[in-house]
Amino acid sequence: MTLNVTDLFRTYGDFQLRVDVTVAKGEFLSVIGPSGCGKSTLLRMVAGLEAADGGSIALNGQEISVMAPEKRGIGMVFQDYALFPHMRVAENVAYGLKLRKMGKGNREARVRELLELVRLTDKADDFPATLSGGEQQRVALARAIAPNPSVLLLDEPLSALDARLRIDLRRQIREVHDRLSLTTLYVTHDQEEALTLSDRIAVMRQGRILQTGSPRALYETPGHLFTGTFLGLSNTLEGRLEAGWFVTEEGQKVSTARGEDGPGVLFFRPHHVVLHGEPAPGRLPFSVTRVEYCGGWSLVHGTTGPHGVVVFDSAETRWAAGQQGHLEVVSGQAQFFPGETGVTECTPRF
Amino acid sequence: MTRTSHRGWGARLLWLVPLVPTLILFYLPLSVILAEALKGGEGPSPFVRLFSSPYTFRVIGFTLWQALVSTVVSLILGLPGAWLLGRVSFRGKRLLKALTAIPFVLPSILVVLAFVIFYGNSGVLNRFVMGAFDLKRPPFTILYSFSAIILAHAFYNFPLAARLIGSFWERHNDGPALAARTLGAGPFRTFFTVTLPGLLPAIFSAAGLIYLFCFMSFAVVLVLGGGPRYTTIEVEIYRAARISLDLDMAAALAVVGAALTLVLLFLTVKMQHRASHAVRGQAARRGTTRLSGPVRFVWGLYILMVVLVVASPLLALVGRSFLARTTRSGPLVWTLKWYAMLFTETGPSLSLAAVKNSLTFAMLTVCGALPLGLAAAWVTTRSKGALGRLTETAMMLPMGVSSVVLGLGYFKCLALFFPDYSGSRAAVVAAHVVVTYPFVLRAVSASLKRISPSLPQAARTLGAGPFRTFFTVELPLIRSGLVGGACFAFALSMGEINATLILAQADTVTIPLALYRLIGAYRYFAACALGALLMGLCVACFLLLEWMGGESLDPERD
Amino acid sequence: ASEKNNEKLVIYTYDSFASEWGLAPKVIPSFEKMTGIKVELVSVGSSGQVLQRAMLEKDHPKADVVIGIDNNLLAKAKKAGVLSAYRSKGINRVPESLRFDPEFQVTPYDYGYFAMIYDSEVVKTPPKSLEDLTSERFKKSVILMDPRTSGPGLGFLLWTVSAYGDDFATYWKRLTPSILTITDSWSSGYGLFTNGEAPVVLSYSSSPVYHVAFEKTDRYKAAAFKEGHYMQIEGAGILKGAPHRKAAEAFIDFMLSETFQKEIALTNIMFPANSATVLPESFSHAVKPEKNLQLSPVEIMNEGEGWIATWVDTVSK
Amino acid sequence: MTLNVTDLFRTYGDFQLRVDVTVAKGEFLSVIGPSGCGKSTLLRMVAGLEAADGGSIALNGQEISVMAPEKRGIGMVFQDYALFPHMRVAENVAYGLKLRKMGKGNREARVRELLELVRLTDKADDFPATLSGGEQQRVALARAIAPNPSVLLLDEPLSALDARLRIDLRRQIREVHDRLSLTTLYVTHDQEEALTLSDRIAVMRQGRILQTGSPRALYETPGHLFTGTFLGLSNTLEGRLEAGWFVTEEGQKVSTARGEDGPGVLFFRPHHVVLHGEPAPGRLPFSVTRVEYCGGWSLVHGTTGPHGVVVFDSAETRWAAGQQGHLEVVSGQAQFFPGETGVTECTPRF
């Protein structure tokens, strides 16, 4: 099933959603964007739960935007789970199967299989109210997958799970997707999920899709500063491009970068920086404000002039809060965005 | 340290707030009258007399059966209305909501009058059809039969069902219903497998109420049923207590009625508990629907039906209040003279006094019943298990005890403790409060149960004590329930007649009492005028209550 | 009880007596003016309820006089022992046949005959007997009252008992198809009738007087039955231990006086007990039957409950 | 405020919670553990929202377990937000301040300050029902911080936020904590959050605290296999220790490790592995099943014998699904857990 969303439009007070997006058959498209940018609203409109003010939604070329939700053959995992409170876990999962008139034996087998998938076999006879947040979320996932929908919409289906389980389940979701060659629209606020799971990522901001592209393309060569700063950790310096060199406001040459001369922002990842003890030409003075231990590595937070910068370092980093260092942006890795001014805009709508 | 730790003294004392008044104002008079009656005189025990007659079993059986049929019919008719009130936004909704409470306030004698005027053999409906098709005999014989009883009970109760269930539906999270749609369930399937089960707490709550009403109904059964063929326990109590002067028998019947009520109440409370599945972490997001094209037509039909069942008898009644005959069988003319007469009859106007008294009693009743019902609801929803259900049942029992018996109990009690007593307004109000607060309790506890427990908890962690939490978080969230409860209390007090008759001073007349007298003097047109006045007053008061209670802070207004 | 305040008198009565369209507003003021006694009139529902109230307060009576104890209630009142005897001088002007309580615990003030009232525009040939009522042409046409809750209702049951004896139950069985409804009180039944719900209703033979006097129509007529008509005599009595005995006696006397008696005809639509009272012109429309029926209070007391039980059983099936 | 939880005890059906834990004044303690292990329950008991079946909770030595919640001076962010639906965002935040009788001017200033902190200034006058999930969560955070509680309990306060905002806010939370020297108990299912934020981490499993320790200690030298596998990505091989060498079931020597000889599990992180093209002694055959791109790096998933193994690699990894490689566990980095058998137990309670 190819999903075509064309000029879909919805207004809530001063919030405006206007989206064009296509998900090819068998494609896994993640939608990421700051909280409140309209991700859930988009999904709800595709599922038919929210009326659009205009625009079209087509599945395999057939217009479905006036079709009843149950006719669309779309499965959905709700951000707030929306479990049936009066049904036990197994009944929740079996609901869609019953509607498809699946025989009792098959149904029970399928429910068992799904509960195993989400590791909730022992909660089969419990009511949702007694489940923990993560358990509820997994029931919602199992329930949506159960009837083998041809299009699957997932609204942050793993947000309440621990890292371990999340990694497990995201692999399962992808496997289910691949096996059934589902068309999947996946909303997440977890960039790692988006990067690892998706064929393509759509970056949403303030009700619009800013950019879509493969995870690697968006991460490594983001077309917009917003995409770059939103997807993964990053740093930005304000300054100007002069003859292929980025120069800070203080006049220091930092790194080569492509682009037209003029004011703008230099964008680079934390692993595109090296921290040195000694000053050298091109290096910026850096004061360490905080060092975060992240397991296999550390994040060194600090400032250079007015800018906060975060730097990857090994777990056994030599840096500690309060120290002074010198920051080198590895040449050729940084990107220049002309005309932009800093990163504040990646925070929610203002 | 054990469970139920940190409950402050305040919370513990709160138990007494509903309990003490219930004990003093209800259980004391009840036990006085029961003890008095059952200590027995000469002759066989009233219970022996009662149960040796097959008639008794017929009466009990019929009481249960007619109440069941009435309840089911009312619920079926009420559910679509509940959806309209709860889910659809349209103009005039507020007014419609206020209108749903009207049947409820009408003293049954007035309803009977309205039914006769509209559905009777010489009623508007029959005469209209006879005129249209040139018939000699009235085509519909609706009244004086079982279906007349059901029709009247539905008339009383289905707007109530719509209102009670509607206000629950309004705040009901539609997430699960939407999920069902995405899983392939059509609107009907979704309704029956997801929405309806979700509404069950409200449905059981409404059903319990309606069942009790019909269980206790007597004027309707008495007049529209067409005689002793259709007799309820309540009618028998009324006959025994007030006419046959057989207090023993009345008390015995009251015991039987109360026992049955108790069982019924306990069952509905239990079913309600069973049906409510609070889900942690779900904020209700209101889905308000707009009606479109063909759907509108269907709803048009529904509204037409509503108009036929509810509005037309009332409109016929109001209409008649503006009519007069020139002579006994002469032509009808429009007039305002009945209204004028209501306020200008001999001496200090009777109707004016009645209006004043009724309003005063109703206001005071609301003031008493609200806090009492609220406290009872709060206490009972917080207590779990069988004990909680028992207390809830015990506090709702006043709903299931005939006001005749209660009035007599009061009378006895007053004679016992205040020998010089000779009728007072305080006693009337107290009786009204007792009769009405269980309705407040019902209405409030339904909305109280729906509040996610983490809300008051959040308030507690922010430093609010239990009382503060109650006033700043729970109270605002149960406002709609409170308004509903207040409307009930007001309405019931406006319509109450039995206890008033026994307890009020001779010169204290209320609107229903005046109505009785007008009808007793077969001054039907004037009675219609007073009835119309009563309806108008009630609608005005409901609107006022709604406006006071609903407007300012409602988060989910559109 | 001691004489607390002779300037006061407490009366319990039934609604229609006390209502502003009843007798009370017409007669009480003149009594007060005449005697200087302040009357406190308490209206407690139907006449049965008057007695009940008195029984409830037996140990601490608050009222002095009860109005509305009729020949059918007498037995019950006596059994309860709430009344005390008083023989008013005015009783001499009451015919012997109306003095239904030989002990004078109850003093009669008016009387009437139960009768079927019919709408002459609908019923062209009126029923001539109780038996006539069972005929097919009256199918669902008769409004009756419940003997357990209504004076006239009890009166009609006793009427059938006196006409049919022990066979009254089979009569009722035959009557059932003709009954449109059985109301709990006379007023609701009569109201239905005047409203056009049914062409025949149980009431008093004097009822047409009302329509002639106040509505100027003789459309509603009383049917004379060949079995004879059962009679009702209404009375008042003084309670045992009445706080204001003197005033109470004065009031009973007043009830038999001309001032009071002349109001009865057109206000209570009954025949005044004082035979000297001049009846208004319209009373020519009131049927005064040749044959009147009455059962003795003793009989009613002994058998009444059994009759009612049989009746209930017959009609409730 | 020092928080002392001693032998705190609670049963729900077959779920049993029994916890001992101490949080020192000014300490930031994170509680992590699989979904359903009892984290929320612990917090709720400390806040006084759930009665314990036994045990004690003391603040600065004073027993508080019988104290009313509002007397404890504990602030809490609820997992389900628990916003007051009838109050606007600003009123929600001001609620606790009003109770402390703060003057109107101060209150408004404080509310504004907090809404700025969580970037919701423009939603101040909205009702919670119209906010997105993430927006609601931020309101809950602001509301809990507002009255400056001395102990702060946070139940997954950032789970609905996007990575960028989460990193921002976690820094803010830590700053608030440091500035007010709060005693903080932080529940999260995000290991990165736990690692970066906490002074100490408590690992919970099936209602008990298995282990507490500094992030680094727990990550690098977990005392339990569960801790190791739960905190961050990891690999395990089953086999036995023989004379300081870990030997697989097939008899291949893999890596040196400390411990007593006997059967057990070898535990190592994805960055303690190197993938080679060529076989060599000590290297295990490895078939790549999936390569996940994670932004700055890649994760290479594969199997060696019956065991799944995940390996860190650069973003420009040469590996692709289906290829065969050879896996070297960097000596001295792996840890041996005697007697254990695999990692299934880090999934939720079974």
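In this document, chain identifiers A, B, C and D correspond to the written order of the chains, with residue numbering beginning at 1 in each.
Basically, a contact is a pair of C-beta atoms (placed from the backbone, for glycine too) under 8 Å apart; a residue touches a chain by one contact, two chains touch by 3 or more.
A quick note: this is a predicted structure, and the numbers were derived from the prediction, not measured.
The most distant chain from subunit D, with centres taken as the mean of CA atoms, is C. For the pair subunit B and subunit D, the distance between mean C-alpha positions equals 54 Å. For this pair, subunit C with subunit D, the centres built from the Cα atoms lie 89 Å apart. If you average the CA atoms of subunit B and of subunit C, the two centres end up 36 Å from each other.
Touching two or more other chains at once are residues 79-80 of subunit D. Within subunit B, the positions touching two or more other chains are listed as 280-283. Pairs of chains meeting the touch criterion: A-B, A-D, B-C, B-D.
Considering their complex, residues 15-16, 18-22, 25, 40-46, 48-49, 51-52, 55-57, 60, 62, 76, 80, 121, 140, 144, 146, 148-150, 179-185, 187-188, 190-192, 194-198, 211, 215-217, 219, 309, 312-313, 315-317 of subunit C touch subunit B.
Interface residues of subunit B facing subunit D in the complex, by the touch rule stated above, are 1-8, 280-286, 452, 454-455, 457-466, 468-469, 472-473, 476-477, 553-556. Contact residues of subunit A toward subunit D in the complex are 12-13, 32-36, 40, 79-80, 119-122, 130-135, 138, 156, 159-168, 171, 189-192, 195-196, 215-216, 219-220, 229-233, 269-271, 290, 292-296, 299, 301, 312, 315, 346-350. Those residues of subunit B lying in contact with subunit C across their complex are 53, 55, 58, 109, 112-113, 116-117, 120-122, 141, 143-144, 222-223, 225-229, 231, 238-239, 241-245, 327-329, 345-347, 350, 408, 411-412, 415, 419, 422-423, 501-502, 505-506, 516-517, 519-524. Listed in rising order, the residues of subunit A touching subunit B in the complex are 44, 47-49, 68-70, 72-76, 78, 80-87, 95-96, 99-100, 127-129, 133, 136, 140, 143-144, 147, 153.
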